[in-house]
Amino acid sequence: MIDTPSLVDQYCHGVLRTELGLGTFEAHLGRTAGPPAPGTTFFDTQTGFAVRRWCPPLLGLEPHCPPAHYLARRRELGVLESGRRLLRATGISTYLVDTGLPGDLTGPPEIAAAGMADAHEIVRLELLAEQVADTSGTVDGFLANLAEAVHGAAGSAVAFASMAGARHGTALAPEPPGPGEVRGATGRWLAGRPVGGPLDDPVLLRHLLWIAVASGRPLQLHVGVGDPLLLTDFAAATAGLGTALVLLHGYPYHRHAAHLASVFPHVYADVGPALAHTGAGAAAVLAEILEHAPFGKLLFSSGARGLPELHVVGAQTFREALGRVLSGWVADGAWCRTDAERVAGMIAADNARRVYRLTC
Amino acid sequence: MIDTPSLVDQYCHGVLRTELGLGTFEAHLGRTAGPPAPGTTFFDTQTGFAVRRWCPPLLGLEPHCPPAHYLARRRELGVLESGRRLLRATGISTYLVDTGLPGDLTGPPEIAAAGMADAHEIVRLELLAEQVADTSGTVDGFLANLAEAVHGAAGSAVAFASMAGARHGTALAPEPPGPGEVRGATGRWLAGRPVGGPLDDPVLLRHLLWIAVASGRPLQLHVGVGDPLLLTDFAAATAGLGTALVLLHGYPYHRHAAHLASVFPHVYADVGPALAHTGAGAAAVLAEILEHAPFGKLLFSSGARGLPELHVVGAQTFREALGRVLSGWVADGAWCRTDAERVAGMIAADNARRVYRLTC
Amino acid sequence: MIDTPSLVDQYCHGVLRTELGLGTFEAHLGRTAGPPAPGTTFFDTQTGFAVRRWCPPLLGLEPHCPPAHYLARRRELGVLESGRRLLRATGISTYLVDTGLPGDLTGPPEIAAAGMADAHEIVRLELLAEQVADTSGTVDGFLANLAEAVHGAAGSAVAFASMAGARHGTALAPEPPGPGEVRGATGRWLAGRPVGGPLDDPVLLRHLLWIAVASGRPLQLHVGVGDPLLLTDFAAATAGLGTALVLLHGYPYHRHAAHLASVFPHVYADVGPALAHTGAGAAAVLAEILEHAPFGKLLFSSGARGLPELHVVGAQTFREALGRVLSGWVADGAWCRTDAERVAGMIAADNARRVYRLTC
């Protein structure tokens, strides 16, 4: 079996600080904010089954035990102690944490402490712009402060992340908008915006992406469930500037994302949630991602949010899928063992260390 | 091996009443009305091979025997007796039958009798509207009769089915059309329509879908070979109304259909023809469908039409694919056996019983 | 294990005549003209690993030996001798060679001699039109010469190939353009064109496709990475004319291409580069192609270009994937051995012999 001793989780969120009941825990297993369909439960999903497979043993229970038993044991230990036990069992040595989600989630220092690991911040561009808007009075002030905020964040964060592709279609106009266009859009957006209002203007989003690209920090783009090949023009426009683009998610278009990573030197593909969400089916999905992507262009992540159980599921599902796929190819004689171990290390950690210039 | 004792076939058609020669039988194995390419035969397809695998033993022959032998034996037994033997070997205990196809096909009572099973009717909306148009003289008369016909059908049928998504693109305008728009479209359509002419007006089709949604009966939508994610807006518009949407077919976009079922509480996905048509490859397709769909949102069907052999292939291919995939996951330790058996029963029958409110 | 004794490579290019260093060799393993990303190499791809698996033993080295060792041995033998050893080990008995690529590549006679095989020419339509434009002074002259050139090429070539679908979107307007439209487009294109300038006018490309369709020779269409279902209208418009359309490439839309081949009698699908580029993952891709395509509609190719190593990888990857997939289905009882061997022979060579009317 191919082993992956240590992981860099290149994209995740913090965990909740409050105790959870069965219903609130279940809600975090679904794909949406709403309840499951009548007569069904989100525990009956690959994510639910994967949680029941990997997590109960970490809290001293049998794998696949009923959800109610697991939740009772979790409350018995307390949210802090169960979080510690879970995170320390992931094998993740470095967490890159997108801090731009609402809700009472732990930040990088707390995750680092709970998981006995390193943690760095990923700054979400839209949130940064909204915070700047909350404190800027004029168009000129906003634009100057925005440039400065991105520049400042680039000094401390390891990467930027944006939802622009997922929210406004991946068919982003590829070129940066002109100064007049940006000023006009800013004026209209600021004028109509209540305090805390979201950044949803497509011109401003493009402006923001291009400021981030200019910073040189890797830019993580959520592609949602759209075809990442629609990002081809944006990728072509940003080629040769020295900034890496990392495509997040991508399932069910993960093959397309991997293909894009094979075409553009600066495009990388995330292999995280595509595996974490597919549980027992993850090896097949990983094998598909490995069809076209150069092995130096793939990055592990858990994509976890809210529950430390999801960090466990992300790490264990990845580790097992990778071991299964690569060991199979070695057994077939298609790959040699040395290569397989080297590629496992690249996807698990080394590619991320290079792309994000991590020193550990 | 995981077993599935009894199936509810949530979408199929009747079988032909006439004896078939080699050529007419073969024509039902193809994807189109036309002949196969010169030098090729539709028996050389996954469907053809699956028929030759599963059906000859049910008529006392060796599996994979030549098509001519099989057809000779079929004629020897007669269309009625061979139909009985085939349908009774499917393990299907309830058939939901779309009666809206042209041709001399058996209806629900005959299928029930031949298969020693229950059978219920699915009413195809377009055919219903065309029948109403044949007997309505005015726009007002048509619209009133249409509403009444849908209401009446909802009293006896278990579900409605529509081809609107497959024929007019799955990018349906999501909202119901306004009364003036509907009256205008109706007038134009009735004026230009010969008796028996098909319903192809997109405004009227949307109107029809919304009347059906209002009835509360599950609405089955053929998505053709288009991307079901284009139905996202229609799904969003119909959420919370209490009516289930069931996406039919979907291959090669079955992962997208499954994903949509994970996002909207009222959206369900069919796992039928995607398996029946892919024969030896069905386990891989089923595993893909199981990646994102909550297990309570998947429904077996055969999608069979014309030949009872296709009901057999639909049922056996599903049963074997499900057994293979779930047993594999149990063997790997990813799932426990109890869960696997429960999920098998859900997809095979229990989900359909709940969605269509079947009492057996 | 299912064996495939002899292959017809229905689409490939010639090989380079010059000695290659490590860097120039590596460049031919990538998907683009540019260099790999900093810190990565194109040897770390499925193609690179497949070359290191299959080729070193043919030159007397261990499989998976380091690239530098392999290149040293290749130079020691010389480009001619290593080319001969590689091509003769492919098991390819007939090469169909697209001669329309730039660069110093060997033509069909040289490939035939090096590989001890037959070779025939595929004429690339765009290059033919550009050559005609270089020697035609007027619109009328160009159009007459173009018709004659296509007619002449149809007499000696086995097929035509076009990049129109890949370059201008597969959503080609389906109908042939009218004479006035063609004359207008020709005038504008010739007037603005430097000598050697590429054919990029969509009207002229459509005109060219329709002249080629009229010749009766199979027309190979590169579909790039776009959805081949967008070619549905063009396929419908050309149905019944007696000319075969062969969809080249298609990954990651290979299932869609296979589906199109199941719907239109005159549409065929290539199974070449989708396998050659995915190396250890090829069996899964081939199984997907075999889900919907009638077995008489699939054609092997290597898609190789520049390096004889890529002809080896194309042939060996196909052979192993086919053997693995079909043997597995025979072992499961899904297919019988006789059928599996027959289908293997069809895809490997017999379908191509029939479609291209090859006599050997």
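Going by the order they are written in, the chains are A, B and C; count residues from 1 in each one.
The working rule: a residue touches a chain if its C-beta (ideal position, glycine included) is under 8 Å from a C-beta of that chain, and two chains touch if they have at least 3 such contacts.
In UniProt terms, the chains line up like this: A, B, C = Amidohydrolase family protein.
On a predicted model such as this, the values are computed, not experimentally measured, just so you know.
Rotation relating chain A (Amidohydrolase family protein) to chain B (Amidohydrolase family protein), from a C-alpha superposition: 120°, rounded in steps of 5. Counting the residue numbers that touch the partner chain, chain B (Amidohydrolase family protein) and chain C (Amidohydrolase family protein) have less than half of them in common. Taking the mean of the C-alpha atoms as each chain's centre, chain B (Amidohydrolase family protein) and chain C (Amidohydrolase family protein) sit 38 Å apart. Within chain A (Amidohydrolase family protein), contacts with two or more other chains are made by residues 284. Those residues of chain C (Amidohydrolase family protein) that touch chain B (Amidohydrolase family protein) in the shared complex are 229, 255-256, 259, 262-266, 284, 287-288, 290-292, 294-297, 329, 332-336, 338-339, 343, 346, 354.
Contact residues on chain A (Amidohydrolase family protein) toward chain B (Amidohydrolase family protein) in their complex (touch as defined above): 30-32, 34-42, 44-46, 49-50, 53, 63-64, 225, 251-252, 277-281, 284-285.
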